[in-house]
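By letter and in written order, the chains are A, B, C, D and E; residue numbering begins at 1 in each of them.
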Amino acid sequence: MLTAAPAATRQILQIQDLTVSFDGFKALNGLNFSLDEGELRVVIGPNGAGKTTFLDVLTGKVKPTKGRVLFKGKDLIKLKEYQISNLGIGRKFQTPRVYQNLSPRQNLELSFNPNKGVFSTLLGKRDLTDKIDALLETIGLTHKDRIPAGLLSHGEKQWLEIGMVIAQDPNLLLLDECVAGMTDKETEATGELIQSLAKDHTIVVIEHDMVFVRQIARKVTVLHQGALLCEGSFEEVKNDPRVIEVYLGSHKAKG
Amino acid sequence: MTLLFDSLFNGISIGTVLLIAALGLAIVFGLMGVINMAHGELMMLGAYTTFVVQNGFRQLGDPWRDFYIFPALIAAFLVTALVGWGLERGVIRFLYGRPLETLLATWGVSLILQQFVRSVNWVLALRLGGFGLLFFGGWWLLAKRVDWQRIKGWVLTLLLVLSTAIVTVGGRVLAQTYALAVTQPWFGAQNKDVTAPRWLRGGIPVGNLFLPNTRLFIISLTLLCIIGLYIFLQRTRWGLRIRAVTQNRAMSACVGIPTRTVDALTFAIGSGLAGVAGVAVSLLGSVGPNTGQNYIVDTFMVVVVGGVGKLLGSIMAALGIGIANFLIGSGTLALILPGVPLLTDTLNFFATTSMAKVMVFALIVAFLQVRPRGLFPEKGRTVDA
Amino acid sequence: MNTEEATATQNLSQNDSRPLLEVSNLKVYYGQSLIVKDLSFKIFPGQAVCLLGRNGMGKTTTLKALMGLLKDCTGSITFNGEPIAHYPPNLRARAGIGYVPQGREIFPRLTVEENLLIGLEAAPAKERVVPEFVYELFPMLRSFLKRLGGDLSGGQQQQLAIARALVADPKVLLLDEPTEGIQPSIIIEIEEAITRIKQERGVSVLLVEQYFEFAQSLADYFYLVENGSLIMEGLTSQMDEEKVRSHLSV
Amino acid sequence: MATPAQRRDPNSRHKLLLEGGILVGVVLALIFLAPAMVSSFRLNLLGRFLALSIVALGIDLIWGYTGMLSLGHGVFFALGGYALGMHLNLQLPDGRIPEFFSLYGVTELPWFWRPFYSFPLTAIAIVLIPTLVAAALGYLVVRNRIRGVYFSILTQATTIIFFNFFNGQQRLINGTNGLTDFRTLFGINVNSSEMRFAVYVTTIVFVALAYLLCRWLTSGLFGRILVAIRDDEPRVRFSGYDPTGFKVLVFAASAGLAGIAGALFTLQTGIISPNAMSIPFSIEMVIWVAVGGRASLVGAVIGAVLVNFAKSLLSENFPEIWLFFQGGLFLLVVLVLPDGLVGWVRTQGKQLWVTFQLWRRRLADTSPA
Amino acid sequence: MAHSLNRRQLIKMGALAGAGVALGPHLWVKRSLPAYAQGETIRVGILHSLSGTMAISETSVVDAERLAIKEINAAGGVLGKQIEAIVEDGASDWPTFAEKATKLIDSDKVATVFGCWTSASRKAVLPVFESKQHQLWYPVQYEGQECSKNIFYTGAAPNQQIEPSVEWLLNNKGKEFFLVGSDYVFPRTANTIIKAQLEALGGKVVGEDYLPLGNTEVTPIISKIRAALPNGGVIYNSLNGDSNVAFFTQLQGAGLGPDRYPSMSVSIAEEEVQAIGPEFLEGHYAAWNYFMTVDTPANKKFVEAFRAEYGQNRVTNDPMEAAYIMVYIWKQAVEKAGTVEIDAVRQAAYGQTFDAPEGMVTMNTNHHLTKYVRIGQVRSDGLFEVISATDAVDPLPWNQFVAETKGYACDWSDPAKGGRYKVEA
């Protein structure tokens, strides 16, 4: 396994014994997990392993049955979704979720706003045009910046939502399957984008695309049946027989 | 003990009326998501159908006149189902996915239906029928021509003008020739009298109590409807189809469900149930153009308090509201809970029918604070996600 | 690109020379804008055809048009020798077109079992039981029969969507990015299963896929779409990979 | 459908100026041209309908933009109306109480009437009471994440509560009859033509102000968040916004507007009764907005004025069967103009414009030949 | 899918067609109506609810008014001119009443207005008629406590209906009363009067309940009546419209028959009996000035004329008769004044007598009619058996049982007295 993180790096996220149960079914089952500040972590695992549920807990969408979640030392469990978001956690959902009747430009503008109170939103003055233009360029939607986002294709929505998380500028980015439905080249571009973001953000990426995982992975966590199966470098994980058994499949894994 | 039983029976009596009125809505609104403001008017049509059937059976003389209620149930179901079917084909189907628009459109429909029963006479009926025959018949005939698409626009305009002109003139001639016989409204604005058959009047004395037959009849009718509905939704594939179609119309079509038929049929059944409710209501209250208006808010309340889309929820909600209504309105609650002076005073203040309504609705508001999605809320990931 | 030659090759590879699905001059508008521009292609019985293209190029739009979900489209669609362009979607489904849409489109408030039963609506046979093989292909489904479709994880939903299309025993399967969100081992199984269905039952497949290797190994023939037009087609076995990939990048 | 959200392109200033110009133009036309063109009866109707357009603006704000369908705005409208009505009923010589009290044997003015002797307090109450009631109700409801039809039904239940209460309390507020028989305001006869014109002008000014308020709320980031809440409220939370505050604010604001509208309407109609809290009236308000065009402020104003004029004219010309038309009108609008009149003008108007341009060009091309 | 492309167009057409069918004829009739040129007719307004809850009652009143106008026109009109009625729909909405009243006065310049049913609508239009110095004729029994210079009231004042009926009940049916009414001003005020009267005459009110207009759930009330009057007693009923049907069917369903629980209704007339069903009402009582069964030549003529005009199955009732009367009294007043000028007509109306279906009535200077009071019992055919009748009773708009108005009267013929003056003892 990896060496323990140097004492200087602070742990930004600590999770102990996290359990989420839905009418008796344990989507997460005694999960322990921690993340250092500035880390880029990839989480993989079979369908239904609990990866999305894990993000649901982190963002306040699901309240855990048991366990502790500390972000920057604060307990997240009692907080509401928007409070968590304002603490610095941004999320991209598994199926892209953008504001259908707002244009990509407006979607981004909404995420850029630093003060999200009612009155500061109403009274605040800001000009973000340049920043938004730059971001639109990055996500390749400059030419579609004025049409309602609901009309974008699937891949374009994926890009837009990535842009929205970036615009939010959180300390911790949670990206749930952000390259699904992208071409190989675009996947690669996304990988590069994520790596450049990783310079000054902590990031959790959930993915099934092994090529992509290999491109960006430093440390990989494997979830299985709501608990930690193993953790390590890409090569370590890829060759772990348990991972091959439950996840990759025996013959020809991609990547 | 009698007090309790009395309250229970009376509460259930009130509740079943709400329930039978709400059953159709539980389908149309609960399952299909159509905010049908004309639901009350469909009930009204059911009540008018009862009136017509009753008069027909009166002509038949004695043994028959007491059994009009059964054919009336069938007729009311069929008439309102037919109207519902037309409504779905003509209006609702263009509005799926826009629930709030259905509210506005059906509001328009409800106004039209109200006015229709006030104004309808032979002239109007023949005009509408004649127009339908001329216009749509002409359309049907001409649509067989090969160059139809090309000539469609102006031919339809022509047909429209022609058939309107013909029925207008025809109607006038008719009105002048036969005068009162054809211009007299069928129903008019006045209320009509539907009298329960003799065997439904009176009641059964049980100890100190008196259980009115009409109420017992309505309770049984409601039970019957619930059972029928349950079988339809759970034991046939329709229930599944309806739910699939309302959740995702496009995908339902893609798995081979004839969505149009499902929509029309579902709406027709929901409307037909409204008609049946109309029969029940005609035994209790008046039959008039406004008959439906009195029920519309309460029925929506029932469906929502129960949890939209939950049949069981609607049942519980209706009974709950009924019992609360009775307990508060009759002042029984104040009798049951003596001792606390302030509470008793408050309860007495609300112990008139009018103020009981205030109290019951206030309780509903409070209830929704506690259970924002009704008695039986949808659960799971997709809710509020 | 020599279309005739390609078609000839295609025909050669088939015993039955009549295409199962033939699309010619398909045009789709969204409002004023033309999204699919004059697309023509064929699929033969038992053949797997892949539609490649970058994001937003009109692949999903094409499949939706084939299902009859879009109103502003022109062109002819022939299925099994019958023109079906005027059919509503449910008749197309009943005629034997199975569809796995992008975004899964599971019925969220139906249970897994009900979702599968709904899939049977298009089945030609009248018996209403879910065939066993879908549970073998996706064992997960069996353990979650009573769970709401909307509660499933993304990948589980995707599996359910494929299963839902398979239960109806379609003649042609339209798959819009079927591997999205599915774990690698199951992708392999899906690939094997589709190959098997194709061979054993002669089911044709129209596949839209970004996962290049998957597309390559499953499809016999490919079409490359850019901005709503075909720019390249051919047998997958003879595909100029570099050229295709260059079109797939921005 | 999509919001005409303002784009910050270089000529946005220009557009803003244009819009302001048009607004001033319309206001001036209404004040100076309309009286010369229509009879005093119609002018009075126009004044009333303009008052109603203020509620319509409020409804558009919460329904058109934020997606909260209130079926109970009649309550806020009536609260505003009653506030002013009480003040008008108290314009009596020393110590006498409004006449209707004697019907029920009430000899002493109920305590809550007292503040309404003062016009400033009344003016504050007209806005503040509806706003506070809405804020309290809105907070409870929104905080519990009651949305969609649940919200609508809840507002409907509230309406019934208020209606029955006002309807049943003859001794406090004159029950069904409502407040009527207004004589003077500021010592001037409310039926005098000067007063009527003054009220008319005031109404126009308030419509303009309400328009500006809504315009301010719906443009810019705030407006976009409203739309985002309408589209996907839970998602908004993950973007870091608490929708509660936003929703309560616009709900309260729209209730305040309804209160003002109610007061102006009452003054011009001469009566406020619990009928204003009846369900049909609240539904009609929504219909005005739908007819004009959801999520279009101009549409709300136009819708309110047009629908009401249509209703007036239809019922005058076909008193026996006008409901056929009224119902037909709603049907037609919903089916044929799904985006309301303004939406229709936007799409069809654009098309017509394009056709017209083409035609002109063709004309220009062929003319020299 | 070309068919869906055209759906808008089709709907539009369908709607137009529907509208055409429904309205074309009306447009036609409308335009062809006044055969006589403008200025040769006298316009009058008719202002009732033709839609909404109150349409149930008010439409037949319109029928009666139209009949009277038609008869007058057939007999040569008034002042040699034909009367032209402009009908407006108050839509059961009080502000709408006010709006339409204004319209009739300002736009149509009518000579007078016949209209209203509910007291609420009358109160709503009262300021309009007063501020415009115009005139309303109001045909329904009401709660009194009002005496406007601009309104003529041709229905009963409380002392011409409620008070005598209470007295009759006390004398004949019992001392314990349960009061049921619709939740609006007439029943509430009527019950205030009844309570004062019972207190003065030694009766007792054992319970009181109000149902919202149009509400039909009466189960709690029935329970209360049984609880309050276990051994029978008098039910005094001022429910309006729809609620009555529910009330009487359930009263019978619960076994509370007229033998032990006689009820006296003041808002149920022949039309309502038809709608409720005579079998539920048989044996119950109602108090009115007029019943269809009143045996006078004038009534015979009235009923025949009405049925000839509107159909043999139609019935007449008290408000219809009052409406019929008021058109004639207005006509007589106009003829006496020689003009339609409001004030002249008002002066001329005082003392007008008319041989009405109910008997000879006289317009008083307090703007109310001297009328006959009758108690009727419902027969099996749905008409009333008149079982008690008084001589003509003079109207007292200000109630003499209610403390605040005791000793007050109204007289508009004397400027010194006016609407509310203290009568010297």
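Keep in mind that, in the parts below, a contact is a pair of C-beta atoms (placed from the backbone, for glycine too) under 8 Å apart; a residue touches a chain by one contact, two chains touch by 3 or more.
Everything numeric here is computed off the predicted structure, so don't read it as measured data.
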item	value
Reference chain A; chain at largest CA-centroid distance	E
Busiest interface, counted in C-beta pairs	B-E
Maximum centroid distance from chain C, chain identifier (CA atoms)	E
Between chain B and chain C, centroid-to-centroid distance (C-alpha), Å	44
Chain A-chain E separation of Cα centroids, rounded to whole Å	73
Rounded Å distance, chain A centre to chain C centre (Cα mean)	30
Centre-to-centre distance between chain D and chain C (centres being mean Cα positions), rounded to whole Å	51
Multi-partner residues of chain C (each touching 2 or more other chains)	151
Numbers and ranges of chain B residues touching at least 2 other chains	94, 114-115, 352, 354, 357, 385
Interface hub residues of chain D, defined as touching at least two other chains	164, 167-168, 234, 320-321, 323-324, 328, 331, 335
Contact footprint of chain C on chain B as seen in their complex	237, 240-241, 243-244, 247-248, 250-260, 378, 380-382
Residues of chain D touching chain E in the complex	39-41, 44-45, 48, 100, 102-105, 107, 164, 167-168, 170, 174-178, 180-182, 191, 269-271, 273, 275-276, 312, 315-325, 328, 331-332, 335-336
Chain C contact footprint on chain A (complex, rising order)	22, 25, 45-49, 51-53, 94-95, 140, 151-156, 159, 177, 180-186, 189, 208-210, 246-254
Residues of chain C defined as touching chain A within the complex	30, 54-57, 60, 102-104, 140, 147, 151-156, 158-159, 177, 180-189, 210-213, 245, 248-250
Chain B-touching residues of chain E, taken from the complex the two chains share	2, 6-7, 9-11, 13-14, 16-17, 20-22, 24-25, 28, 50-53, 55-56, 59-60, 183, 208-212, 214-221, 223-224, 227, 241-246, 249-250, 252-255, 271-272, 274-277, 279-280, 310-311
